[in-house]
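Quick heads-up: structures coming right below.
You will see two complexes here that share subunit A, one where it goes with subunit B and one where it goes with subunit C.
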Partner chain A sequence: MKRPSTLTGYALLYLAFLYLPVLFLPLFSFNSGTIVAFPIKGWTLDWYRKLGEQDTLIQALWNSIGVGFVAALLSTAIGLFAARAFVRYRFKGQRAAEGLVMLPLVIPGIIVASSMLVLFLFLGLKPSLVTVALGHIFLALPFAVSILKSAFDDFDASLEEASYDLGVGVFETFRRVTLPVVAPGIIASILVTFTVSFDEFVLAFFLSGNQPTLPVYIWSQIRFPAKLPNVLALGSILLFTSVLLLVLAEYFRRRSSGKGT
Partner chain B sequence: MILRSDAAKGYSLSAPATIYVGFLVAAPLAILIAYSFWTQTYVTLDKSLTLKNYREALTDPLVQHLMLRSIWIAGAVTIVTVALAYPIAYFIAMKAHKKTIWLLLITIPFWSSYLLRVFAWKLILGFNGVMNSALLGLGLINEPLSFLLYNEFAVVLTLAHAWAPFAILPIYVSLQKIDPSLLEAATDLGNNAFQRFMRVTLPLTIPGIIAACLIIFIPTVGDYVTPALVGGSDGKMIANLIQVQFGAANNWPLGATLSLMAMLSVGFVAIVFVITGNRLGRRIR
Partner chain C sequence: MIEKNIIELSGVEKRYGSFAAASGINLDLKEGEFFSLLGPSGCGKTTVLRMIAGFQDPTQGTVTIDGRNMEGVPANNRPTNMVFQSYAIFPHLNVGNNVAYGLRGRAPKAEIENRVAEALEMVELGGLQLRGANELSGGQRQRVALARALIMRPKVLLLDEPLSALDKKLREQMQFEMRNLQQSLGITFVMVTHDQYEAMTMSDRIGVMFNGRLAQVDTPASLYARPCDEEVASFIGEMNILPASVAGESDNALSVNVAAFGNMQIDRNPNVTNPGKGIIIGIRPEQLEIKSEKPEDYPATVQGKVINVAFYGENIHYHVTVDGHDKPIAVSVPNYFHTVDFNRGDTVWLGLQAASAIDLGRGK
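Moving on to the complex of A and B:
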């Protein structure tokens, strides 16, 4: 850039608009006063210390991690097949199939949540972490498919053909040729889908029954002003974790693309 | 392994995904439709078919009010978000040197929980909140501003913040696709920067703009968290009413009817929008 233009200035302002609101959570999580307002009374780590003592919170955390893990692995596995089908093969109704898989992105959350609740009860499945996971796989699938599709886009099909020509079988070829090349995409997909599930609220709110995930737990705490500092501390940890996951994903993606294709 | 046709491989590999999504879209929809023709009195579900729920939903002024407000709020959010996002997408696609870094910077905040971001706005806009206390401390105002939280303004602001990257990314992609030689040609033909933007860049990014609008508008109509946390009674939307039917009011048939009607109105507005958007795009060209 030769000179800082108005556009650059606007971009920086916009970044401030994106970041400032989110940064208030960690800022006030160190405030010793219980009211979230300036001026800050004093600095403390008490709110963080108290988090470890709350059994329901720890339980909710494990619930979220479990659901996130299952949803990430299954949506990535299903997405891997679909992404390969969409990139590698041409078939009738392909566009419709791709559109269908992207549908969960654009259905309003409340409609997904209410209709799944009705469906699962109809099928005799009581609201629990299982139903939350089933719903999260549905929500995470479009993310998995689009990430993995771009991973397969970069993949040169002639590598596989060479492997077949050398007499290597289909599964062996997938393991030794395809998988190493698309591995960064798979890792990225797992991280993204995990985060999608980990942060999802509305569906979990409807489907979790008496097994709250972390966002459902936070929701139950938000109403009580006395619990506010705890929510701030917990929220700050979650923000930090999410950013850490993203940086990790980026690191893996770059490292492997450096030595890979 | 037997060699099969490419089409057969395509079908079988994509089947788990399409069947899973297809089932979880179609089956609940069928059951919702069934529910919408049933009625609920206290704990008993009456499965005789009736149009009572539709009559109730269509004549209840509260339902109409919330439905229209949901659509207008979602529309306002869409316009504000896309208008604010376009220059950023343009900056990243055309001017910025480190595109990946910028894209990363734009997406990082959205890896944090949606619930927490909305909650942050509640803290900022509150009567005794961050914004008011800061303005009071700086001596810019004498008493706390009361119009910040619990109204439609708060809902639009919060949602516009929450959906920002979803507007930036599709527009960025469509800007990236523009062939630079088209821009050079426009300049060679004597267009200035503004004309070039209006005649070449903007029309070519209309698909991206339409995508951004749909990606924001459709989910926003049915947003639950934001109106519940920052909307107050003046900012409630249709999703809050639907949740009440499935929760405290325990009237699932009415809830199902409202869900279906919300879906239909969203679909209708979206289709009208896509058609007019495409027409407009052709006219500019």
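Moving on to the complex of A and C:
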């Protein structure tokens, strides 16, 4: 059956509409003029060069990296146990539990952010990088769980049984068999959850207090037209890093499925 | 040799809700024997094996291994080792580390190395220590799984359908090798299989299971010659089943009137648990005589017509319809002279010796 060419055209148009605006970001970041409009005045790397000179930006970058690191490690660790339980066991309330874990994907960010702010203030936790990290663990958990679930899906349960059978206890089996076999899935999960945290704005905006993460910093700079090209350069770097991390994550995720049985 | 029971199952039952995966299992396994649990898929044989290994707990009854009650003893503390159906080779370890897995931290390094080399030698994979787990063929994986279990020097080796993933030629070779290995090591092997030929060729004794119950436990030869009922008879090899009525009986003989073949005197089958007046008789296809003339020296004969001829190479199967029985009777003749003596439509005579007619008790 021949595919109607109108459908192909529609698909191409759709993709262009989706991704072209994103591509303007890196394009204008090389523009020597400060106004984001065609025609482009000239080509320059100045905006990138100037990024390194801004201390508050560097501080925000480190804040983001720190929060991302903590959120990635903890959400992956929690997700590891959840995913193993979801795949390996059948228990009462399993569907409800799985649904609850996935819920942050669909709850509006603003609701989560404001309710978390209320909760943390109630608990006496001042908005800081700690509260941002806690919020990001919650947001990143569904990503960790779904990546690790697919890693455990491809993991032959008899591998763990074989280890017990050879006289090795539960914890040592986890360390010597389970962890290394699902390692590619764990790496993929860490990369994805790091990216989720690194790019997140709403929660960080509400919970970061006076310690901005990179997206919060960018937002604060956008208000000043003169800083716009700088923000474009920074945004392009963020875009590139995120895509790179996710591609890397996908590579590891595929490796983990290829390794099954 | 004094025969000692290495495994004793008494009144073992495994229930999942109202479904009994295994029930009423009483079984004594002797030290050094090759025992097979044989049955169709879903009959509960793997459940029994896993209860011995400690992966599942019986709902009722006790499992005793080497004189010790295994209740509450987890798999890692049992003197058994298992070869899994999927082989469960650790994908992140090479062959040497797979085989050494259970010994790590429990023996000096040098000793582990020696034992790994020895175990690999035993399964004819000598020198392959550094080969990656993903570079192994099916047969090699099977051998690694064997070596990894045997290096632990278990009292009992459990094998869950160990050969089902291999192709036919390799399977036959491995049957032979595993039997030899078991004999030279003197370890008790307990194998689960759905393949009757595999069970027959390898085992000292076979336990046949249907629907979670052990139907019969016996040597391959007596399972074949004296199955306890129609179900076992038809599962092990091919069997012609004919109804018969009992005209008279003594302690060890029955006087029966067999459909199509008529009156004859046969031995009572000691394994039958449900005798009666109307019984069924089993006849192995290879024990029937087939001739173009009425055969002499046979107490029972019947005339029939060949309706199907199947050439198997080593033997030839004929299906013969006879008066007095609606199902055709299967006859198997060894291929002695590379000739097929009868064709479709030929009129033939079948001859039956009393010793070939097996009393299978009442039907179901």
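In this section, the second predicted complex is superposed on the first by the 240 of 261 C-alpha atoms of A that agree within 3 Å, B and C clash if a C-alpha of one lies under 4 Å from a C-alpha of the other, contacts with A are read in each partner's own complex, and residues count from 1 in each chain.
The rule is short, and it goes like this: a residue touches a chain if its C-beta (ideal position, glycine included) is under 8 Å from a C-beta of that chain, and two chains touch if they have at least 3 such contacts.
Treat the numbers as computed from the prediction; the structure is a model and nothing was measured.
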Ask   = More residues of subunit A are touched by which partner: subunit B or subunit C?
value = B
Request  = Answer with first, second, both or neither: which of subunit B and subunit C does A:S158 touch in the superposed model?
outcome  = second
Inquiry  = Is A:L166 touching anything from subunit B or subunit C once the two structures are fitted on A? First, second, both or neither.
reply    = second
Query = Is A:A226 touching the first partner subunit B, the second partner subunit C, both, or neither of them?
reply = neither
Request  = Go through the superposed model and pick first if A:V22 touches only subunit B, second if only subunit C, both, or neither.
outcome  = first
Query = Do subunit B and subunit C touch any of the same residues on subunit A, and if so, which?
reply = 169
Request  = In the complex, go through subunit B and note every residue touching subunit A.
outcome  = 1, 6-7, 9-14, 16-18, 20-22, 24-25, 27-29, 31-32, 35, 84, 87-88, 90-92, 95-97, 102, 104-109, 111-117, 119-121, 123-124, 126, 128-130, 132-134, 137, 161, 164, 214-215, 218-225, 229, 238-239, 242-243, 246, 252, 255-256, 259, 262-263, 266
Query = Which residues of subunit A touch subunit C in the complex?
reply = 156, 158-159, 161-169, 176-177, 180-181, 183, 259, 261
Note = Listed in rising order, the residues of subunit A that touch subunit B in the complex are 1, 5, 7-8, 10-11, 14-15, 17-19, 21-22, 24-25, 28, 35-39, 78-79, 81-82, 84-86, 88-92, 94, 97, 100-101, 103-111, 114-119, 122, 134-135, 137-138, 141, 145, 169-170, 195, 198-199, 201-202, 206, 215, 218-219, 222, 231, 235, 238-239, 242-243, 245-246, 250
Message = For a test of understanding, state which residues of subunit C touch subunit A in their complex under the given definition.
response = 53-55, 74-77, 80-82, 84-86, 88, 90-92, 101-102, 106, 134, 148-149, 152
